[in-house]
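Letters A, B, C and D mark the chains as written, and numbering starts fresh at 1 in each.
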Amino acid sequence: MSVVTFLRGLLGRRRPIAAEGTRHVVALCESLLGQRGEVSGAALARDTLAAYRGLDKQSREEFFDVLGEAFAPSPEAIGRAADAYRFDPTPQNLAQLQEVLDSARQELFRRLNMAPGGTQALVDMRREVLRGVDKHPGWRSIELDLLHLFRSWFNRGFLRLERIDWRTSAMVLEKLIEYEAVHAIQGWRDLRRRLEADRRCFGFFHPRLGDEPLIFIEVALTRGMSAQVQPLIDVNAPISAPGNLDCAIFYSITNCQEGLRGTSFGNLLIKQVAEELKRELPHLKTFATLSPIPAFRRWLKRTDTQVRLSMGPNAEERLALLERIEEPGWHTGEVPELLQKLITRLGAWYLTQAKQKEGEEPFDPVARFHLGNGAALERLNWLGDTSAQGMERSAGLMVNYIYRLEDVERNHERYFGEHAVVASRAVEKLAAKCVLGANPSKDKDAAA
Amino acid sequence: MSVVTFLRGLLGRRRPIAAEGTRHVVALCESLLGQRGEVSGAALARDTLAAYRGLDKQSREEFFDVLGEAFAPSPEAIGRAADAYRFDPTPQNLAQLQEVLDSARQELFRRLNMAPGGTQALVDMRREVLRGVDKHPGWRSIELDLLHLFRSWFNRGFLRLERIDWRTSAMVLEKLIEYEAVHAIQGWRDLRRRLEADRRCFGFFHPRLGDEPLIFIEVALTRGMSAQVQPLIDVNAPISAPGNLDCAIFYSITNCQEGLRGTSFGNLLIKQVAEELKRELPHLKTFATLSPIPAFRRWLKRTDTQVRLSMGPNAEERLALLERIEEPGWHTGEVPELLQKLITRLGAWYLTQAKQKEGEEPFDPVARFHLGNGAALERLNWLGDTSAQGMERSAGLMVNYIYRLEDVERNHERYFGEHAVVASRAVEKLAAKCVLGANPSKDKDAAA
Amino acid sequence: MSVVTFLRGLLGRRRPIAAEGTRHVVALCESLLGQRGEVSGAALARDTLAAYRGLDKQSREEFFDVLGEAFAPSPEAIGRAADAYRFDPTPQNLAQLQEVLDSARQELFRRLNMAPGGTQALVDMRREVLRGVDKHPGWRSIELDLLHLFRSWFNRGFLRLERIDWRTSAMVLEKLIEYEAVHAIQGWRDLRRRLEADRRCFGFFHPRLGDEPLIFIEVALTRGMSAQVQPLIDVNAPISAPGNLDCAIFYSITNCQEGLRGTSFGNLLIKQVAEELKRELPHLKTFATLSPIPAFRRWLKRTDTQVRLSMGPNAEERLALLERIEEPGWHTGEVPELLQKLITRLGAWYLTQAKQKEGEEPFDPVARFHLGNGAALERLNWLGDTSAQGMERSAGLMVNYIYRLEDVERNHERYFGEHAVVASRAVEKLAAKCVLGANPSKDKDAAA
Amino acid sequence: MSVVTFLRGLLGRRRPIAAEGTRHVVALCESLLGQRGEVSGAALARDTLAAYRGLDKQSREEFFDVLGEAFAPSPEAIGRAADAYRFDPTPQNLAQLQEVLDSARQELFRRLNMAPGGTQALVDMRREVLRGVDKHPGWRSIELDLLHLFRSWFNRGFLRLERIDWRTSAMVLEKLIEYEAVHAIQGWRDLRRRLEADRRCFGFFHPRLGDEPLIFIEVALTRGMSAQVQPLIDVNAPISAPGNLDCAIFYSITNCQEGLRGTSFGNLLIKQVAEELKRELPHLKTFATLSPIPAFRRWLKRTDTQVRLSMGPNAEERLALLERIEEPGWHTGEVPELLQKLITRLGAWYLTQAKQKEGEEPFDPVARFHLGNGAALERLNWLGDTSAQGMERSAGLMVNYIYRLEDVERNHERYFGEHAVVASRAVEKLAAKCVLGANPSKDKDAAA
């Protein structure tokens, strides 16, 4: 689609633009796409972004409306180009169709990207669009166009892995405090503890986003594979010398840029960090996560799970026991051994057998991530996370997913090929001991 | 188009792949596009590129054949997706069509880009494809896909302007010697003179290409606007203190990466460098080029030009004079004043009036570049370049295109809007004095 | 003195070394000064410093005793060399005397400096020695030798002025919090406010001390010359755009390395920072401090000051008024105008007239620093610092010393030549209105 | 000595200063040492150095005369201070003597060092003084004072080891071409070959000297210990992959700063480079030099050597053979086996037995350096250097001194303790076969 069509699209809208500010930004966008944009691109892009940033909420929504609407590549033009290719599939005809399709909006974004800070501004714009797209379905095309560009701009080849430690700029460190969502960082003292000699932190950075991490991961170096997360994030924990530690525990991984949703870096990050650590500390033997099971209790409460729980041997006792965990603080006093066994077995069954409604992948999102990434389900840890959130979502359980570098490729292939959940013997045994009733609804989702 | 289709495309080729090496590279490409590529992308990409680099000429050509052929997005699939959008033009249907169109080959290139040195390898690959595409039209789709990616990856926002001087790495400097095509650099001593206190050199660099400049520009700081290029590149010229100089002369601009053809940085470079110089040396008054007229003599020899020259007043005398410049060394002895006048006027006429066959833009490529870029044609310089090449192409003439920062936008718009060639009064007068016969063929190209 | 003599000195001590650890460190020092030190200097230096760091308090004191004692350049050798020069004052004889004098301890320190982190270790060693030298006069020679070396190593030519802001490493920033003594920094939020757009912070760094600042200065950019410090360090103060501000207020300057006492950088720092700010913000008009008068109340309580206060006109009223400021919180309620006048005038008199017992320099240490540095006493500010410390030492008064770059040299020369205190008319008037009794003891110190 | 005395010294010279320029520089030096120097040190230092640089040869010599003369610390003052210490050897009296001794000239240099480029200027000043000191003995005190400062400023702890390769700044590389004296570099192509994958180059840099190396070393990675230098510096030699090479040959080491003579870095450099290489290429087995024997033929021609050669068995034959090597090009044709044996044995004898006239160290300066440094004499190489210089000085012989990191300390101690020359069995055997006449003159120098 040509730039001219886009401009005509902008001008030809039936409803006139209401807000003065929005009109101004749209006019600047037109200039940027026109001749002036070719000459004074960077300066014009900067002005356009400044004007855009100055819009109030309402004007900004109107701007997104215009932006989402303006691009309507003529169905006829597309149809014609597609027909041409259909009858004569040459590279030229393909390129022609590609060009008709290529959005003037994308060209607008490419030119905005010339402004200082342009990339960050576009990432932030997509975040805002994503937050509103459910209410404003017309904005969908905006975020799709941005995603298309980001997939190119944020190609992994352009990312820089950087160690983050106490020498890092405060500007970056402050963002860690702000972004960390898994185990919130309680201010600078807490942060500092997480950057001491027996901890590691790494992030991916992009040359154009400067001090903004895209994603970061926190690692604890430990003696033996950690079963509980509280000691790892205890600000008063004594500091160990890394020479004595044989285990790297990935205990938190955080995506920082909501506007980059759909461009995944996490799997790459874990592997690069594992290699980096191996280089620095060749005596490390185990690379494993300490992860929550965030959808476990939600799954327990689903109707079909409840039906299953109410069937099979000892169903009554089981339900009575499970009622306990509804009481706040149930885990702080004496916990019946039977309850511990029950929960752990249910956890093992859930992780290895419960599937998503559609597809064959595990019900649990964290399990999907690590297993799909080639890790193996190694161990379940009773009361591994006793924080409010840990109890509420995971019933206190935590999992170690283990990354054996030599198995990662094969595990990944088995996961995607045969939907195999690679688990240790111990976890498989636990799951086998979990005797539940037959799947009442035969719904896959209910994990027959 | 899905990855699977691509693989099927690769496998389903009628002719089997002849060379062992090519088969190996193709197999690696398949892995890279498959599950393994998602897990071990960077390592696999590195291996694939290494194997590709190891191919001999013939195997490499076969690989390009496969690569160009393998991707044939099913005309039916495209037709269907295009029809869906034609009848229901939603963003989703558009995205769907986009995806069908998105080349698995592009995905392959995106994954290859993860390898260390991947970007450079792809740029070099396109250079090779471009060199052979005339003989192998099937390769066209390869270079178009790469160009599509490069337009995104080499967005101006990602480029870094850097001053190049004697403190710069020898690795970069050596490339200047290698690449400079306008006024060849005769070794390190010559280079060093071009980086002294009264010279400047700047280049655009991309974070992923490291020491490889994309483009660089050479500037001489002078007192008054230079009319001749030989003193500027004289290795023995005395060095002036920049404080006394009021003029920045852009005397050479070189594109370094043949594989990036089609992604233009030159116009941006000139403006950024002018701003940079203005900041460093606020007393600079004039920013101008000293440029060749590379197609001047070619144009003189065209049939229609010859016809025109043979008409009008004094035609005979004119042709007799012009015959002189066919003799080698004609400019070294006494040159008749009439000849000087004739050539200068013809040059002015050529630059202001002679147009391309198609379109209204000037016949001369360098004129197109600078005028389109917003510069004005300021002055013609008799015997401005007496090198063999200068005499052969430009009959020794050189031009100063002047960049007045405040006029650049307007000039650019007039150029593209009204096809206006903005020239100084002096140049216009010279052109007006050039009395030629009427355009014999009325062909635009013949510069009526 | 030769290395051998030093070793003999170490060995020949009458009292044997008591602590095992001390003996070990001394043995390492001997090796380091011997042949092995020439070959494996860096490694040996590192081991020696490690062993030294491992000493407990008592062993360390013993080590200092040995170190202070061991070097006793033979009075005879020195006498001989001095006599030689006395009778034949050649450069060679001078060099000879110099060498006899040059301490083997200094050579030891030079070799210790080769260890990674050696310079910092020696600076820290001197800090420790300085803290104990009053109780252990034998340690004096240690700190003098170190000072001699530091004067060379920390030559101003080797220092690097660096801006400190929110992009700076947390490791450096944390030291600011730790070291700032004038107006203590209350954690990271406070620090961050002090690094916002209307604040500046600069420090001197030494290439060998890495993240350790030697000294740093805090500056507030303000509209008009600040009279009160509390608004400057208010963590909730609104942030101004620097473009609107015309005044740079140096409100805190902190020496970080106690071990470098005697090597002064402060005067240089202020001037370099003023120049740096002038470059960045050419519209700044005033460079001034906002300083305490730390010895004011101490001076008020001196016997001779008290005698003077009890004489002259209105002495009784004056003393009665002054008694008020002994009550805590006296300034929070209504303050009699007479009291305000009295204190301000006394402050002006004190700063311009009160001298040190020996010499002609001002009694107040901060006044000595800035006046000696070429600044002028510009203004006194009533209740300029209402913090507990500000009330207790300065009776709440603060001073603006002004740095007019064009007067600094002359002021400095007048200060050292004629003991002139350069003050504004306003301050001089205030001082003149302060009618005190005649100097009772005629002691200079009492500031007649 | 106080600054005042120095000034008086300057003013009280009997001969007035002749040159206007010299007077100006001296006046600036006075200012710099006075009050103004304390305030405006850096600016004044810059002006002083600029004026100094502007002096012509004659004025500069006069300036050195003044500088050398002006400082004459009063013999009486020194005598008094020395006496005070003699009778009461307290640290205070020592410090007092030290201060009397401390040269105002040194203080002048310390202040000059504050200027941008000050350190380099002082290093260059000492170079100039050293070149003239034989003719102007009065300048000696200047260079001694500078050396005293440099020993402090260029403490090894302040030096930075840096790899030099083709990525290094051209400004640094150009200095390599300029400075290399052992095996001259023939332009940029030659330099580039010396920085390829199978070569290494390292230098020491000082933070204040920027792009100026203090010293650099060239290393060839080879398979087996090199016996000949020409292949190592052959610009057309094929490049090997470092993975296959087991030997690091140090074939050239160059001191760059004549003005730093007397501050030795070479021994440290070799060891740091060996460690660095070991880290990068753990498979390297041998670290050795390929060195000339620069004083060999000079020694052969000494009278006492000649006498010895004319005695013992086969003396006549021996002398006849040795006459051959006086003919130019003698080594290019057939060389009698006897001559080869004779020269090699004489070389071995020379290196292991021939001593300096005074002291017990080897006659050969390169041998002194490497043996004192802890290396062992491993092998002699017939026709190891066939360049004109190699033939003229070393009769074509070259030596491998081997650095076995585990023996270096012991060798060094044996060398300085017992004057032991640690040599391989092979070299010792060769030396033993060299049957010369008894030492005629019993002169140690003749190495009986």
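Some points to look at:
Everything below uses one rule, namely that contacts are C-beta pairs under 8 Å (C-beta built on N, C-alpha and C of every residue); 3 or more make two chains touch, one makes a residue touch a chain.
The shown structure was predicted, so the numbers you read here are calculated from the model rather than taken from an experiment.
Any chain touching chain B that also touches chain D would appear here, but none does.
Counted as hops between touching chains, the shortest connection from chain A to chain D is 2. In this assembly, the chain whose C-alpha centre lies farthest from chain D is A. Averaging C-alpha coordinates per chain places the centre of chain A 41 Å away from that of chain B.
Put simply, the C-alpha centre of chain A and that of chain C have 52 angstrom between them. Centre-to-centre separation between chain B and chain C, using Cα means, comes to 61 Å. Among all residues of chain C, none touch two or more other chains. Chain pairs that touch one another, listed by label: A-B, A-C, B-D, C-D. Residues of chain C that touch chain A in their complex: 166-171, 173-174, 187-188, 192, 211.
Residues of chain C that touch chain D in their complex: 35-36, 38-42, 68, 72-73, 75-76, 78-79, 81-83, 85-87, 89, 91-92, 94-95, 97-98, 101, 110, 113-115, 118-119, 138, 140-141, 144, 148-149, 151-153, 155-158, 207-208, 267-268, 271-272, 373-374, 408-409, 412-413, 416-417.
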